[in-house]
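Below, subunit A partners subunit B and then partners subunit C, in two separate complexes.
After this line comes the complex of A and B, so read on.
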């Protein structure tokens, strides 16, 4: 996939399919440590230990209509490409946490993309779902919380087109590009390009 | 036959950035969307066909000494990509069809 936002949407769709009422999405960049940290946690029905062990196999899915469940396996591929580690913690009846740490400057890292569209898709999938999305880039931080939006909206539905389009814009404005611009490094040591 | 990046513009490729590099020779074609793989495998002076469009495609093309980047499937390039390509004089072209179709057009250009 071309955008991190699409991977995150796929993982969140898993959470929604697992009956989650709350999803927390963290996207945190630490430049000094050259690290991108992503966590998606939900209060869905969780998985038993055997299923957790097999869940990154693309031929394992809870779905019956489609044979393949690719959300996690594809995310795992990205994590591998970006020299990262993936951790899945799940407990039956409690929920699931998917955590990944990646090398932010990896040349195979994908841009953050349209997080606004992904959040809106999650809301449309399940309008009752509560989402807390936090984006951190070093000293900068942004939080989007559907609970706060609902309080402000009072009797207006969160699925009103005008509300959804505002949410998409607000989330995208709050989210910054995570990708590390490798060109900056090349320009510094042009002579060393052959060595790479 | 050796061709220049500028020869591609007579066909279904549209220049979107890096006009300064139109005189570069194109000797070969490489197709891949995994940037680390391109860095390791693409031959110099290749036209690189990809569906990636973010800023680091410019970095990879410079590092691997590629002639130009062809973004297939009509994917739009990010503004940073265009800015960097203009600064570096690295031609970036847009192609509406698939990577395969782009490769076929390039094959005809390179062999006739």
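After this line comes the complex of A and C, so read on.
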């Protein structure tokens, strides 16, 4: 998939299918350490230890139509390509945490993409779901919390199209590109060469 | 530059929406589902859904619900959009893109004329 936001949506859809009422999504970038950290945690029904061990195997799924699930394996692939580590912690009845740490400047890193549309998509999947999304890039930070939105909306539904379109725009304005800006360094180097 | 979205804007949307609650609509009860499993997402279901929402908002259509569904086992036909009208057979649109989805909203959801050539049924005949 071409956007980090699509992977995040896919994993969040797993959380929703697991009956989660709350999902917390963290996307944190640390430039000094060249690190991208992603965490998706939910209070869904969780997985037992055997299932956690096998969950990145594409032939393991809770689906009943066909015995193939590609959500986590696809994400694991991205994490591997980006020289990262993937950690899955889950407890039956409590919830699941999926954490990934990746090399931000990896050539296989994908852009953050349309995070606003992904959040809107999660809301449509389950309008009662509460989502906290936090984006941190060094000293910049942004938090989106559906609980605050609901407080503002009072009797108006969060699925009202005008509200969803505002949410998409708001989230996208708060989110910054995570891809390491190569052009900055190229220009710096060019400057250096010219000075010589 | 797009205008900055603020919580005050949301407040305005809220006020406008609560005023509109009682607007009558003759297309009430229609449900649109978009497949949003891994197969749907990878095939481009998310922009299709955003296009549907945008078109409904632009044309101020009320009483239509947009929901998501999981994988229905027709991955090669994704993105799939289904339109459920009260007392009518479900219409399954396959291989949608944002532009087609907008037309489905206008022709089918608003005007009541399904676009037959994009349905699963017509793909089966071919």
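The criterion applied here is as follows: the second predicted complex is superposed on the first by the 181 of 196 C-alpha atoms of A that agree within 3 Å, B and C clash if a C-alpha of one lies under 4 Å from a C-alpha of the other, contacts with A are read in each partner's own complex, and residues count from 1 in each chain.
Just so we're on the same page, a residue touches a chain if its C-beta (ideal position, glycine included) is under 8 Å from a C-beta of that chain, and two chains touch if they have at least 3 such contacts.
Owing to the predicted nature of the structure, the values given are computational and were not obtained by experimental measurement.
Engineer: Would you sort A:110 into first (subunit B), second (subunit C), both or neither based on which partner it touches?
Structural biologist: first
Engineer: For A:156 in the superposed arrangement: first (subunit B), second (subunit C), both or neither?
Structural biologist: Second partner only, subunit C.
Engineer: Please tell me which partner, subunit B or subunit C, touches more residues of subunit A.
Structural biologist: More residues of subunit A are touched by C.
Engineer: For A:120, select first, second, both or neither according to whether it touches subunit B, subunit C, the two together, or no partner.
Structural biologist: second
Engineer: Return first, second, both or neither, reflecting whether A:179 touches subunit B, subunit C, both chains, or no partner chain.
Structural biologist: first
Engineer: Examine A:90 and indicate which partner it touches, taking first as subunit B and second as subunit C; both and neither are also allowed.
Structural biologist: The answer is neither, since A:90 touches no partner chain.
Engineer: On the A-aligned overlay, A:17 touches which partner chain: subunit B = first, subunit C = second, or both, or neither?
Structural biologist: second
Engineer: Looking at the overlay, what does A:70 touch: subunit B (first), subunit C (second), both, or neither?
Structural biologist: The second partner, subunit C, only.
Engineer: Between subunit B and subunit C, whom does A:164 touch in the aligned arrangement: first, second, both, or neither?
Structural biologist: Once the two structures are laid over each other on A, A:164 reaches subunit C alone.
Engineer: Within their complex, state which residues of subunit A touch subunit C.
Structural biologist: Counting only subunit A, the residues touching subunit C are 1, 6, 9-10, 13, 17, 63, 65-66, 69-71, 74, 114, 117-118, 120-121, 124-125, 149, 152-156, 159-166, 168-170, 173.
Engineer: Considering the complex alone, what residue numbers of subunit C touch subunit A?
Structural biologist: 2, 4-5, 7, 9-11, 13-14, 16-18, 34, 36-39, 41-42, 46-47, 49-50, 53-54, 56-57, 65-68, 70-73
Engineer: Report the residues of subunit B in contact with subunit A in the complex, numbered from low to high.
Structural biologist: 34-36, 39, 51-56, 58-60, 62-63, 65, 75, 78, 80, 84, 88
Engineer: Quick one: which bits of subunit A touch subunit B in the complex? Just the residue numbers, please.
Structural biologist: 2, 81, 106-111, 177, 179, 181-183, 185-186, 193, 196
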